[in-house]
Every structure is written in C-alpha cells, then in structure tokens.
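As written, the chain order gives the labels A, B, C and D, with residue 1 at the start of each chain.
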Amino acid sequence: MADRLQVKPYLDLRAETQARDRGLHEKVMSLEEAAALVHDGDHVAIGGCTMSRTPMAMIWALIRQGRRNLIASRSIMSNEGDLLLASGVSSHVVTSWFSQGIVWGISKVMRLHVETGKARFDEWSHMSMGLRYRAGAMGVPFLPTRSMMGSDVGKRAESETREMTCPFTGDQLVLLPALNPDVAIIHVQRADSYGNAQIDGLPFMDMDIAMAASKVILTTERLIDNAQIRRAPDRTRIPFFTTDAVVEVPFGCAPHECYGTYEPFFDQMNDYAKLVSADPDKGAARYLKNHFYDTATWEDYLERFGTAAMLDASRRGRSIYDD
Amino acid sequence: MADRLQVKPYLDLRAETQARDRGLHEKVMSLEEAAALVHDGDHVAIGGCTMSRTPMAMIWALIRQGRRNLIASRSIMSNEGDLLLASGVSSHVVTSWFSQGIVWGISKVMRLHVETGKARFDEWSHMSMGLRYRAGAMGVPFLPTRSMMGSDVGKRAESETREMTCPFTGDQLVLLPALNPDVAIIHVQRADSYGNAQIDGLPFMDMDIAMAASKVILTTERLIDNAQIRRAPDRTRIPFFTTDAVVEVPFGCAPHECYGTYEPFFDQMNDYAKLVSADPDKGAARYLKNHFYDTATWEDYLERFGTAAMLDASRRGRSIYDD
Amino acid sequence: MMTDKSAYTASELLAVMSARLLDDGQIVFAGVGIPLLAVTLAQRLHAPSLTILFEGGVIGPFVVPGELPPSTNEQRCTRKANMVLPITDVMLLLQRGYIDIGFMGGAQIDRYGNLNSSFIGDPDKPKTRLPGTGGGNDISSLTNMIVAMKHEKRRFVPEVDFVTSPGFLSGGTSRADAGLVTGGMFRVVTDLALMGFDGENRQMKVLALHQGVSRDQVLNNTGFDLAFDDELTETEPPSADELAVLRKLDPEQLYTA
Amino acid sequence: MMTDKSAYTASELLAVMSARLLDDGQIVFAGVGIPLLAVTLAQRLHAPSLTILFEGGVIGPFVVPGELPPSTNEQRCTRKANMVLPITDVMLLLQRGYIDIGFMGGAQIDRYGNLNSSFIGDPDKPKTRLPGTGGGNDISSLTNMIVAMKHEKRRFVPEVDFVTSPGFLSGGTSRADAGLVTGGMFRVVTDLALMGFDGENRQMKVLALHQGVSRDQVLNNTGFDLAFDDELTETEPPSADELAVLRKLDPEQLYTA
C-alpha cells in the first residue's frame, strides 16, 4: 500500500491520463454510482479543509458501501477523519493536522486509532501537503521548498523526501515528492453536468488535487447549465476534463460548512464531540450507526439534524454576503 | 547588467522584501510619479500578453521620461516591445515570442535591432517564462520542468539553466532559474487605492509577476472603493501589500485591448504596421514622436486615435458579455 | 462528393486535410490560423465533443464564425469558453498529460520534424531573427504534434538552422535520450501531401498524396530525400460540405486566402 | 491606568501583552485563539494598518466582535477580507518573505524555542498523539515567531519530545546550519513573563516580568534553567482600555476564559 504514495513514474501517469475519457459529455450520477468509482486500496484526496467544504455526502456513501484500505489525504482533517478510521474505511491518513477543530481539543478517535497502532498518521507541514499536490498537478516529480528542514517533522518524513543543494545558489532545499491521488473527492457550490466547477470563497487545495488526481468526483450544492459556466469562464476553478462524476447534493457538507451557503452545524458538532469524548470507540460506532448506516438516503441523513438546524446554518452561511 | 537576471540570493530577496512598506495605505499617484519609481537599469516585467492588457500608459510614461537600459521581460511581446527598443529605453528583452501579432508578420523593428546587434533578445519557451516568474513568486531559486530539453532553445539558454536527474524517479529534468523582476508594471480592470486588484478574463502571468517583483506599479481602468474589494475577496488577484503605486488610466492599454472593456484598435495597429514596415527606423521614430513625445497627457495620446475608434473598440470589448 | 481542384485555395486544402486527422473527444492545443480553423472545422463536422485549448489560457471556447481571434491571447479566444486560467497553468496541462494533440503552423521543418521559428542563418549573426518559440517548444516537447504548412523547398530543409520546437531531433531514440520521453511529431499536412514518421529511424515519409499530386511534385518541393510509405494512398479532396463550413468560419479569408 | 490583577484572566493578560509586541503596518500570520485576539486587539488600538493572514487562505480580514472563527479555515475568517487564495499560495507568502510575524499558541516549548504539537512520549509509541503541525512548521521555519502560552513546568521543558515547529533547534547557529536561514523565535509571552532569546547561544531568557510576578515564580514554573536579562523590566498591566476592547471582541470568553 505504501507504494501508492511514492512518486508515480511519469510514463505511467501519462498513459493513465491519456486513457481517461476527457471529452465534453454528461457525467451526472447518483452518490452511490459515484462512490462505486472508488476502489478498495485507493489513495483518496479529500477536498476542503477542516470543517469547510468537506465532501461529507461522498464520505457517507463510501462508508455505507464499506470501502476498505483507503489511504486518505487532506490539507487538514476534522471529524470526517474520525469517521473514516472508526468505520474501517481507512487506516492510513496523510495530513498536516488532525482533530475535529481547535475549540474541541484533541480527537480521541484519532488518538485511539493512532496510539494503538491500528492506524498510520503521516504528518507533513501544511505547505508541504499543498506543494505535494501541486507537483502532482504540474506533472513534475517534486517541488523544492525551504520548509520541513531541521525539525522532527522533516526528519520523520526523510525516507520520502530528498535534500538538495541548489545548483544556482548553494541554498539547502528539501524536495517534496509529488502526490497523484487515485481519486479526488471535492464538494463545490456549483457545477455543470460536464464537471466544470465554480468555487466561492476559500479554494483551499482543491484545484491542485483535482488536477493531480487520476479521477475526480464532484459533489455540488447546485447543478447549473453549461451556458452559465461559459458566461463567466474566469470563475471556473475545475475544468470538465478532469472530472469523472458530478452529483448534486444539497447540504453535501453537513454538519460542516459550505462557504456562503451554510456555516457549520455547531450544536451537532458539539454533540458529536461529547459522544466520542465519553467513549471514542462506542461513541463513534453509535454516531456511524445513527447517521450513516441507518440512513438510507442523504435526505434521511439531513433529517437527523433537523429543519431548524438547517435553517440556522443556512442563515449564518448566507450572512457572509450581508456585509 | 546580466547580473540582474541571475537568481537573486535568498537573503537579499528577503531583506529587500522586509524593507518594503507593506502596510494597508493609499498609493494613488499620477502616471509620471509612478514612472519615476522605475530606475535606469531595472529589470521590468510587463503584464498582459501580446496585445492584451498591455500597460501601454506606463510604457508611454517611461519612454517620455527617457528611462535607459531597462531589461524588459514579458510572456509575449507585441509592438510595445518595438517601442521600447526604438526609443532606446531597452536594448535587452526576455520573452518567448516577439512581433506585433501573427497577422502582421515579423516585426521589422525587432529585426533591425536584434540583427544589427543593437539589442539582445533572450528566447525562452512560453511555459518556461511562466515558471521562472512563478519560482520568483514562490521564493524558490528554481522550478523543474520537462520542457526546454533537446532543442536549440534549451541549448542557447544552457548557461542560465541546470540539468538534473530526478532523485525520486531518475527522470531528466531542466531547472529553470527564478526571475524576481525589480518592477512589475500591470494594467487591470479595477483596483482600490491600496493596490488590491481585480482582473477579468485572461490573467496571463500577472499574479506571478506581481508576487515575484520587488515593486509593483498598477494602472487601472477604474479606481474602486476598498469596500468593493472586501465584498468579493475571492475576486482579488493581486494583494495590496505587493503594490507600490496605483494609477487610474482609462483606455490604459490602447491601442491594445483590455478584456471586457475594449478590443484592440485594429485600424491603428494596421497603420503602425504599415509605418514601420516601410521603414522600421524612421517609421518607429515618427510614431514615437506623434504618439509619445508630442502628447503631453494620456488624454492627448488617446485623442490621436479619435473618438470613433475609442467607441468602436469599446463596443467590441463589451460584446464579450453579450453572450 | 468530388470537388474541382480550382474550387479551393491551398490554405483551405490544408485546413480540411488537417481537420480530418482529429478525433471526437480529443483535447487539442491549437495555434491561430490554419490550426484553429482546422480544429473548429473538425468540431463542427465529426468531432462535436473535441476541446480546443489556447496558450493564452483558454479551455474549450466556441469560435464565432467571422470573428476569428488575431492571436491566442485576446478576448475573442475566450468566447463561450469553459474556463480561462493563467498561461503557465494552461501550459502545465501539457506536462501533466491532459492534451492529445498540439497543432501548429511551421516556418521551416526538417526530415526529423524539427521546427524552426527562431533564426534564419547563424543564430549568433542571424540573417533573419524570427519571432521565436512562443508555446511551440513546450507543445512539441510534451505532446503529439500535427503541423500544417505550405510545401516548399525552402521550408522543407535537410536540417533546420535552429531547433525551436523539437521533433525527433536526430532521429532514432535521440528524442527520448534528450529527456523528451513523451510526444513527438505525428503528422505533417501540406498542400501536396500528408506525411508521417517512420517508427524506427523517425524520418519523415509520405503517407498519402492529395488528388492530382505526383511523387515527383512532392520531391521537387522538398529539400531532402523523402520516403514514400509502402501503402501510399491518395486523399479524398475537400467536400463541398467541408468547404462550406470552413468558408462560414472565415468569410473574409483572413487565414484561407 | 493601573488595573487590579484579579480584574483580568490569564488569557486576557496573554492577549494584551502579545498585542503590544505588534507594530503598525506589519503583516502577521495568526492562529486562532489568543493570537487572533491579540492581533485584532493591536489592530483596534495602536496598529490600524496591521494586516492579518490566516493559513486557510485569507489576507486582511476584519474580525467581527462576537463572531470569532472556530479555526483559520471557515468563512468567518474571510469577513471583509482583502483577498482569499489557495492555502498553498498563502503559505508561500511566508517563503517569499512578505510576512513580518508568525503568531501562534504552543503546547510544549523548550529552551531553544522549539515547539511540539505532535507527540507526547516516543513518537513511535506515543503516549499522546497530538493533532500535528498544521502550518506551524512552515510558519516557524520561514518567519519570526511570537508564541503565547500558559507558563507551566510541563509545558516549558528542557527538550521537547518532538520538534514540530523549529525554534533555534540546539542553539547557536544550528538553525541556519539546518538550512533555516531566516526567521526564528522572537518572543514568548506567558501569564508570568515576557521572554526573548539570547543573540549568541539562542537560549530563552526573561526580558520582563508581569506585575507582581517574582523571578522564583517564573523559575518554579519552568522546567529548565532560564536566564534573566541584565536589563530585566516589569510590564505595565493591562489597561482598562485594552481590556474593554478585548472583551468586546470575545464577549462569550471563547478564548479568554
């Protein structure tokens, strides 16, 4: 499995990319159909950051389908990471920071899995995660950086990086290996049926992971007509030819936020934190049963949060445009 | 002078950047005041590409002020390059392509200056120009690429590049040296008085040259309130702290185009082409006299094109939003 | 569907023959002029989901008949585009491998498909300084190429004065040896013939002659020994349909005079 | 303007003392919690043109009193921001050198200002797996740092279990020798004192004590020998004005309880 994180040989990357269907055609499907594009053992890059634009609906579908041995990478992991570990979908995460969020303290689910050796947590600096995806997006095997030196974060990743003396300046540099995920799962505010996506607000690392990945699954708050995309091509952030699936999923990040649409469902995040704090193992299992395994549809899942919470999160979400 | 194109030592780059005034304050000034920020011998990166978003008003001011020995770099040079050579402002250009535009054939002004050895034209591939600026923007001494190998374009630049075998994959790569221009001159559709800029349509290499440069001069079609910038922060393309000067100059690219605002003034471009085609030396001198030296203000300059041409270019420019 | 040869210009012939080389669903990095016309023609005829990219930073535009862009960097290139993005990022799509075909014109080409658009004569003391590579070096370094150009002896030379855009360099494995492990010359389309490259020695060879063109005519207009494929064929002349669509695209014959 | 010590919490003291270290016009990369509060406080009081950056990708936001963001990556961080951009690009601003100060909290710090937010105990068999670096490693590698934290013996250790965010590593020139040629620890602010670092051996030393705090009190709460500056001073306690603005920013005491 570790092989999946090594730099992909260029000729393999090119051959894979050439074999993909990159024509302009419809890719709209259901959550379940899209989730079936992810295979056991895949390296899945997750869009968004912490509680923002998390592709929760796709994670819900992957957990329900019982996917196994995924390597999950993300800029920063929040409690979607807990759920991937607790459900057994993944036991290997690659990220810069992992806990529900600063205000809730250290994730007990992460601790349980990592401290007992059930899961592996590869730690890279935030910029390094970004540069690794960017190298993958650019089609180069590495990017150089002036970070990750001297520290134990750097030392612990040493088997995967290389040191270099700059042939121009003599500077010491670290070369960060490219990441080309098997699949990127990304939630956006708007996409057309071909897979052109617009993103409002914070873009995080999503453009790079889309460009770097071998397959892209988009979930979107709204499916819009291609004519709208073409009317403002300078607002497109992900081009159709990288995209393999488009799924319309309103509130697709709940209980996390989607910029300009809804803020986090804070009460629900608090409830989750209390539950897993009391007992990370049983708490997470109970949450997964209630919110994932016992909800046949995404609408059922949302129902668990309730209408009042949805309205409140929406009101706060839209308020960014009140200023 | 060649030194200015060598990779800037990192500690010098950092010290220069730290010494810059990066606070949030007003930077609005006149074309003349802004042009005075450019010094003889500076490496000046020019925003836009070919006939698009060329900072013509700033070039007009630099030529009028008689700046000397500038090294001018740009993604692709059109006839603003002719004028920099013919006026004696620059005798060293760094670009991927240099002529007024495909439909007008080879620039006779460029030919005259380069073939007689009066000017130096360093040729880099288009992507390489972009990656050199990007390296400068990222604060790294180089970026790796898989282009510029095997060809004479690569060989001719050999003294400035390095070959490398990838320590991860064994791939052959070329390392492109960072460009950190002394000044970037960029024209945008909108900017606020602090130097936050919005760009519609094609962004070219402008974000990277702004980030890479030691000084940024913005000219803008419209000066807008900072409140407008803050209402849509995801539309800002150049942040205020890179910017040293903001000048409001309507039709600041004429006779070139500014996306969504005016298309090229084709008749005037034809006239210019005919003039320098007949005699590159005298033709360019006559054009410079008529349009540059004998126009005391930017309004005088525009007057030479005439109201009908301005209205026509505007109508065509806005038409991109008719679809 | 036979058409009278005098009924179309050499440029129209080039555009039509090139268009036929493109398949539906492909992503094509195109220059302006004949390449743009050919790609748009293919899109209108047999390849509706073909995507055009311009090096100015444009993905999937809709080229408006009669409003052809003067370069790949003006707003006309972005009409109804799916996306615009920085130049560096659109060029990087080539390196990442998303592009099927690069398509450009050529000023000078040699037997190995190397293109020169930089210097005529000695680069240090050039007879003519040409405009330079633009994206040509990147495109030909990183993807499969189609080149459309006039078939003239001064353009088809044994060895180009300067390799601006690499073809197969000095033939054989020299391209890959130089580090260019992907891409390479795919087809050269002229007003006389359609050329490909030998799989081993990588030299240019004629795959098909246009209607009414003889082998001698091709050889007399080529500055080097040019082989003919064992299965040499003749191309179908432009159809009335192809010409009609083409002329609608460029009614003022900006690129097809 | 003297204030009764019992009139403010330890966190409020931290926020006020940190805010005073910031100058107008600076660009500060801030974490949430005390750093964000302190930077915002400085902005409201003496540094109106100071700019806040968040690692989520935010430049120059206006933090709304009572609506403090729960992390640096939510939309609340972008209120009236001048720009939002990809995470990688906002981090690269540090490498390019646009940032004056990185400002964060700390879980564990050692005499050389190295911070640990990754592991308690042996990293291969950790007693506690902490959340990790986030942007901490990049920020502390590439700019000058201010750290605000509670002054406790278990947090001020001789040597951190794991260097997540590099300070001066093992002192002397070791930081630059490791390739980190810029930045480094500037100040550590606690509820007891204000610390800096010796210019030669790069060890932490006390620059000023907060009002009513003794040297012994500092030493008893520090796990290593801590020097006192020859010109040791005492800080002015938080003013009523500073506390008033601070309390308006965090009325629910989310970060200042």
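General remarks:
In this section, a contact is a pair of C-beta atoms (placed from the backbone, for glycine too) under 8 Å apart; a residue touches a chain by one contact, two chains touch by 3 or more.
Note that the coordinates shown come from a computational prediction; the quantities given were computed from them, not determined experimentally.
Between the interfaces A-D and A-C, more contacting C-beta pairs are found at A-D.
Here the spacing of subunit A and subunit B, counted between their Cα centres, is 37 Å.
With centres set at the average Cα position, the gap from subunit A to subunit D is 29 Å. Separating the centre of subunit A from that of subunit C, both taken as means of CA atoms, is a distance of 40 Å. With centres set at the average Cα position, the gap from subunit C to subunit D is 59 Å. Annotation for subunit B: residues 10, 139-140, 145-146, 171, 173, 201-203, 230, 234, 323 touch two or more other chains. Subunit D has residues 58, 78, 80, 84, 92, 95, 181 in contact with two or more other chains. If touching chains are joined by edges, the resulting network of the protein chains shown has some other shape, matching none of path, cycle, star or complete graph. Pairs of chains that satisfy the touch definition comprise A-B, A-C, A-D, B-C, B-D. Residue ranges of subunit A in contact with subunit C, taken from their complex: 10-11, 13-14, 17-18, 21-25, 137-140, 194, 196, 211, 226, 229-230, 233-234, 236, 239-242. Subunit C meets subunit B in the complex at residues 32-33, 55-58, 70-71, 73-80, 84-88, 91-92, 94-95, 114, 118, 123, 126-138, 141-142, 162-166, 169, 174-175, 178-181, 254. Remark: subunit A residues 49-52, 75-76, 95-99, 101-103, 106-107, 110-111, 114-115, 121, 123-128, 130-131, 133-134, 145-154, 156, 171-174, 201-208, 257, 259-260, 263-264, 266, 317, 320, 323 touch subunit D in the complex. Those residues of subunit D that touch subunit B in the shared complex are 24-27, 49-51, 58-62, 78, 80-84, 92, 95-98, 100, 181-182.
Subunit A meets subunit B in the complex at residues 6-7, 9-10, 139-146, 162, 164, 166-169, 171, 173, 175, 177, 200-203, 230-231, 234, 323.
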